[in-house]
Amino acid sequence: MPHFTLEYSANLDARVDIGKAVEVVRKAAVETGIFPLGGIRVRAVRCEHYAIADGNPDLGFIAMVLRLGEGRDLASRQKAGEHVFKALSAFLDPVFANSKFALSFDIQINDKEMSWKRNNIHEALKETSKVEAPAHG
Amino acid sequence: MPHFTLEYSANLDARVDIGKAVEVVRKAAVETGIFPLGGIRVRAVRCEHYAIADGNPDLGFIAMVLRLGEGRDLASRQKAGEHVFKALSAFLDPVFANSKFALSFDIQINDKEMSWKRNNIHEALKETSKVEAPAHG
Amino acid sequence: MPHFTLEYSANLDARVDIGKAVEVVRKAAVETGIFPLGGIRVRAVRCEHYAIADGNPDLGFIAMVLRLGEGRDLASRQKAGEHVFKALSAFLDPVFANSKFALSFDIQINDKEMSWKRNNIHEALKETSKVEAPAHG
């Protein structure tokens, strides 16, 4: 159940393609190999009103949080987190080069005893992969 | 202080009445009987940009988180959580029937030592119930 | 890495200047003296759909959460939290006077072992303060 949420200052509209940013995170999350594909959900929340550091409205930020289920050890979480962070950070190199900007990423663990889910995407992905699988002779 | 936040993919605009969804959650929260009425706050956050599973833009999600104060035992929280989840899930049956969709619900506990609040809704509800109470002979 | 997020009901558009509210929080956070200036990020998330208490659409809320790094003792966090909460609460006095409203504030601690950041604002602030510092004879 990896849930990535990126809150971002609205002044990024002119500096970053946020649609691409969430796709960068999604791809990097897949690459870690520790998340079930059908559970990956990345989204961005635009914040029209913000006040950063000394209040200069040109400052920008993206603050990403991953909420994750229990069951992976710390080393695995750190390795996966590092991979996703590096991918997003590299994508944002032009933003760092051209503006004053703060990127952050934190992982939280969901309590499995207070967690519910219903999901028909896993099943759909299995069917898709069957349909798309090459025929074997 | 029950705070329900539903983050949702923007493609649900055409599939779900989100205003009704938050009302379904509110009613179910009241029905649990474990939350003070004046403290219930349900809201939804629309996510224009998202990337789910294999990246197919037709996939959708609602991810609900409840932030809750301390002071209720795990069994009570689980029973209440189950009730609210089932209500929302049932409301979303048509979405599951007609699209690939992921619903999730997680409960977090707020630390009472780092919590502040101010609320004149509790008092207003008491006054309303006085005014609206039937006259007794 | 103090991250303040204010979720608010959309009916506040006509009652509060949310741009001023985030600035009130930013200034109060600076005044606490326990946060590095370049790390302070305050933002607001507008919630078009909400359902509060008995469902009356005139009820309003702001729910603020601060995500904070480890390394400060509880007393320091409580004192800083109290200061910021009082500042925001005072700013909202007219809203409390004229409507039924709920304000809340909770602090969460980020796990330092699952935290990443990249920030060129700190450096920029140092340069600014050098440029703006008065010349000494």
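Note that the chains take the letters A, B and C in the order they are written out, and that residue 1 is the start of every chain.
Going forward, contacts are C-beta pairs under 8 Å (C-beta built on N, C-alpha and C of every residue); 3 or more make two chains touch, one makes a residue touch a chain.
Remember, predicted model here, so these are calculated numbers, not experimental data.
**Student:** Same residues or different residues: which describes how subunit A and subunit B meet, taking over half shared numbers as same?
**Tutor:** Different; most numbers are used by only one of subunit A and subunit B.
**Student:** How big is the rotation relating subunit B to subunit C when the fit is done on Cα atoms? Please round to the nearest 5 degrees.
**Tutor:** C-alpha superposition angle, subunit B on subunit C: 120 degrees.
**Student:** Suppose each chain is reduced to the average of its Cα coordinates; what separation in Å results between subunit A and subunit B?
**Tutor:** Result: the chain centres lie 23 Å from each other.
**Student:** Please set out, as single numbers or ranges, the residues of subunit A touching at least two other chains.
**Tutor:** Subunit A, residues with two or more chain partners: 45.
**Student:** For subunit A, which residues count as touching subunit B in their complex?
**Tutor:** It comes out as residues 1, 3, 5, 18-19, 21-23, 25-27, 37-46, 67, 110-111, 113-121, 124-125, 128.
**Student:** Could you pull out which subunit C residues touch subunit B in their complex?
**Tutor:** Going by the criterion above, the answer is residues 7, 9, 45, 47-55, 59, 61, 63, 65, 74, 77-78, 81-82, 85, 89, 92, 96, 100-108.
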